[in-house]
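Chains: A, B, C and D, in written order; residue numbering restarts at 1 for each.
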Amino acid sequence: MMTITVKFFASLREQLGKSETLLSTSKPLTVSQVWSQVCDNISLPAHILTAVNMEYVEANTLVNPGDEVAFFPPVTGG
Amino acid sequence: MMTITVKFFASLREQLGKSETLLSTSKPLTVSQVWSQVCDNISLPAHILTAVNMEYVEANTLVNPGDEVAFFPPVTGG
Amino acid sequence: MKVELTSQPFNPWTTLQAYETTLSAQIGKYGAVTTFTGTMRDFNQGEDVQAMYLEHYPGMTEKYLQQLSHTALQRWDILDTLVIHRVGEIHPGETIVLVAAWASHRAPAFEACRYLIEELKHRAPFWKRETLGGEKMRWVESNG
Amino acid sequence: MKVELTSQPFNPWTTLQAYETTLSAQIGKYGAVTTFTGTMRDFNQGEDVQAMYLEHYPGMTEKYLQQLSHTALQRWDILDTLVIHRVGEIHPGETIVLVAAWASHRAPAFEACRYLIEELKHRAPFWKRETLGGEKMRWVESNG
């Protein structure tokens, strides 16, 4: 068993009431599966952006044990 | 009789060997006519830009006694 | 090329002046510099804004802006780029972001500068939370 | 709004910093500033350039730049503009022109700034005479 680090930012972090959680897994999961497992089996909302190891990815990208996955709302910098 | 002030700039000034000349006239002339009268009856070259009283004009614009007419090559500022 | 996140207020013009002294080898080579400065306004969507908090994703935000700068340097005939962005608490009138592109000619300088700020606005992981009157907070939901 | 011709070298960034202090009533109103700086290169059309002389039409050049700034302020949703241009003798690395536009939003700031420099380049009565090696002089014949 290894862990996937899961991070949430901004309004999503506040809605979920957590900024980071660790998910134990022994096999690769898709980004969508990671979301469902840490969010009570709710499916990943379409507007939520996703990154693995600090690179933007799609919801069907595979996440390996040891990776860092991030979920966040549309960005509003600049 | 009143005068029209005629000015030349940049390479045109150097080619003609003069920066300013006064033209005596008792009646309005077009910009083209002003050019011909001060440039030995040569016709106004198409690439030369023209201004009357510091506003761009076309070659057929009328110039009145007392006006300032300027002739200059394409601009190269900035 | 430089990318920086800063939690301290900065003046865009003194920052540009200081940065250009590091480009001394390029003097006489670049003929065009285009800059864009984004400044915090005291109103947004019809409401007075008293302060703002800029959240980011430490690590990813820097990485994204570095990649963006490299892409601009590859895509346009430009000599250098600068991107500086505030994080944390910020107040009206303060600079949020500065982007700049140096080039031999003006067209690539303008295009690269515009590209940097557009991509930054639409893709860089930053999130604005505004403090309105009465300490009411709201997350800005989309970038214009 | 300001238009200035100057025969003295100037630093674009300290000039912008000083000019912005005169806009204090606007602080918190503008959210976007786009600037363009044109700098003299030490090469042009394949030849080394040692110096340049910038001729202008006293009276008409200022009038043209004033009208141009007014047109930009009418055509775009911008709050202010600044145009500064060198005249006379100038050397490589020195700033030739600075244009800037202040706006609430970035699109009009970029568009007005680009408009100002394009119109200035194509219509403002300035003429460049370059001094090449061996004191050879040539008039620049067209603007890129």
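The rule we apply is simple: a contact is a pair of C-beta atoms (placed from the backbone, for glycine too) under 8 Å apart; a residue touches a chain by one contact, two chains touch by 3 or more.
The model shown is predicted, which means the values in this text are computed figures rather than measured ones.
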item: Chains in simultaneous contact with subunit A and subunit D; value: C
item: Interchain centroid distance [CA atoms averaged], subunit B/subunit D, Å; value: 27
item: Inter-centroid spacing, subunit B versus subunit A (mean Cα positions, whole Å); value: 72
item: Subunit C and subunit D: spacing of chain centres that average the CA atoms, whole Å; value: 23
item: Multi-chain contact sites of subunit D, meaning residues that touch two or more partners; value: 38, 117
item: Touching chain combinations (by label order); value: A-C, B-D, C-D
item: Footprint of subunit C on subunit A - complex, ascending; value: 7, 9-11, 14, 49, 51, 54-56, 70, 72-78
item: Contact set on subunit D toward subunit C in their complex; value: 11-14, 16-17, 20, 27-43, 92-93, 104-106, 109-110, 113-114, 117, 144
item: Of subunit C, residues touching subunit A in the complex; value: 38, 54-57, 59-60, 63-64, 85, 96-97, 117, 120-129, 139-143
